[in-house]
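Letters A, B and C mark the chains as written, and numbering starts fresh at 1 in each.
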Amino acid sequence: MIHTLTLSDLTVSRGERRLFHDLDLTLRAGEVLALTGANGAGKTSLLRAIAGLLRPDAGTVGFQDGDGNPLDERQARGREVHFLGHLDGLKGGRTAREELGFQCDWLGHTQYGLDHAVEAFGLKPLLDLEVRRLSAGQRRRLAMGRLVGSPRALWLLDEPMAPLDARWREAFAEQMQRHLDADGLIVAAVHDPLPLPTRTLDLGALT
Amino acid sequence: MSRRDLDQEPRPPGLRGATRVLLERELDLAWGGGGGPLLACGFFACLTAILPLAAGGDPRTLGPVAGGVAWLALALASLLSLERLFERDMEDGGLDLLALGHLSLEQVVLIKALAQWVAVGLPLALTAPVAALALGLPASLTPLVALTALIGGAGFAFTGALGAALALGAKRGGLLIAVVVLPLFIPPVVFGAGALERAGSDQPVGPALALLCAYVLFAAVIAPFAGAAAVRNAQG
Amino acid sequence: MFGLSNPQRFMAFTGPLTPVLWGLAALLLGVGAWLSFSVPADYQQGDTVRIMFVHVPAAVWGLGAYAALGVSSFFALVFRHALADAAARAAALPGAAFTALALFTGSLWGQPMWGTWWVWDARLTSVLVLFLFYLGYMALRASIDDEQKAGRAAAVLGLVGLINLPIVKFSVDWWNTLHQPASFLTPGSSGLDPVYLAPFLTMLAAYGALFAALWLTAIRTEIRRRRVMTLRARQAQEA
């Protein structure tokens, strides 16, 4: 299980523009890192680089287990990393049940987790609807279902709270807290501060 | 619950479960909403109907080219639904999800191509004998038409998936896929139509079938690697 | 070769080399043209044999350019080298032009020899397929806006094409055996008359020098273009 996330000398560019360089960071189980900075500072790119979806110019992203042994990158990402970006990967033409089922099946789930996800995000009344009929907030809750439904140690979240109203923000904060209590790790790009004690990395101040 | 659900071994355990799950979803996406395979078969039927109208319905003209025309229509119809194969997952972030599963991207590309084969290649292979009959191919050859169309359809699906992955992020993706992929369709068309022609002139079809199978295997090996490289490139 | 992978060193090395190649190409083309017209007409083909001196080298170097493109693609993909990407990009247009010239002159030669502008013989068809590969490569490159992504996607296609070309060539040959006995007079098959060897080889070398000159010039232009783009981007960022 991922216990530590280590970034060393990480340098990432988009096209000709260098977003940040020589970033060093260690995040341990139970910690939240909030990424802040203006639009275009590289919050999303950093998340994608950690998830292995973006190839950095230089430097490495490493995962270690509780004893400090390095984990195989490909395996760690394929089994223990959640990435929830602006786009949620939900198919408009399929029902919420099918989509939640597929996402959790694909990522690996426990029945307990799936039931818990439905309960935690109030998904029960949505399950038989087609995804395209859902509002932005409902859709986001459905996408969040996979975070709880499929237990993975590292959550990478890109402005997760944005489309949610106050009630569901609170509910999601509760789930984040439970994840941390279970020795999970969270890296989240945010505009507004998270309602949790966090470490903060201001990407705008790096360059 | 604290550590409890983190400690439980997540399902599905490994390759088979994940393969089945993705295959089911891909087939559902291909069949649901719009019915891509029906569209491909309809297009196939239209092409078959237009040829006699363009070239004259005389069986003496049509008969000799029936097998070849059926193969040309098959290749063109196979192109139709390729554009959406990866693009629909690119647009809504689904590719990011697929990249973080238990399977490697190479396996994902392979499974998507297989689903494309089952969803589009199979119905087309069932339509092909009917089209060939209508064009005047002897009825005794129809099983061979279906068989070669089925094998060739796999070749179209693999090379087509590669083209679809390459065209990710491109303007006018559909047209681009056609230009990129059609030259790669030449060998299966040559071997498939060649098999029919040999059978028509009472020559052995074994070599042609063997070459067709060899090309499909070759495509099945190359396409996942090249396709995964193209998908990664489009993602990052 | 790897020493040249540094763009500065590449520019410094090819700077004086490029005009030399252009000069060599012009000289060889001149000599080749003179030789082509000074040899006697063929007893069978008449004066049309002279088209061969334009046609065959164009086809050979059209294929050679694709090999250059494919190998450059490999280096661009594996080592992610910007220069290799520039080289692959630069090889496409001259290669396509040579291939188009081969098709055009082939059909010019075919008209008096076969009595028709186009014959589906295996060689011509293979060259046509090669041209289609170039078209696909250039179309892919042109349709993706992000240049880096366009470069890498094109490199994958270039490499796949390189592996696929022999297979396609084989399938075309196989197809040809099915359809027509090789009753046509194909160049080279009946053995080249030694008289024609000198102009043929000169023209082959001339086209080679011409391709090298075109290729290097295009790579140098591409490197300069990228430098300008980088400078502009930097200016925009500082402004």
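Definition applied: a contact is a pair of C-beta atoms (placed from the backbone, for glycine too) under 8 Å apart; a residue touches a chain by one contact, two chains touch by 3 or more.
Here the structure is a predicted model, which means the values were calculated and not measured.
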Selected interface, A-C versus A-B, where C-beta contact pairs are more numerous: A-B
Far-end chain from chain C, centres as C-alpha averages: A
Chain whose Cα mean lies nearest the overall Cα mean: B
Inter-centroid spacing, chain C versus chain B (mean Cα positions, whole Å): 32
Averaged-CA centre spacing for the pair chain B and chain A, given as whole angstrom: 35
Separation of mean Cα positions, chain C and chain A [Å, integer]: 49
For chain C, residues contacting two or more additional chains: 146
Of chain B, residues touching chain A in the complex: 1-6, 8, 10-13, 17-18, 21-22, 25, 28-29, 32-33, 88-89, 91-104, 232, 235-236
Chain A residues within the chain B interface of the complex: 1, 48, 51-55, 74, 77-79, 81-83, 85-94, 98, 102-103, 105-110, 112-113, 116, 150-151, 153, 178, 181-184
Interface residues, chain A side, partner chain C - complex: 15-17
Interface residues, chain B side, partner chain C - complex: 162, 166-173, 176, 179-184, 186-187, 190-191, 194, 197-198, 211, 215, 218, 222, 226, 229-230, 233-234
List of chain C residues in touch with chain A within their complex: 146, 148, 229-230, 233-234, 237
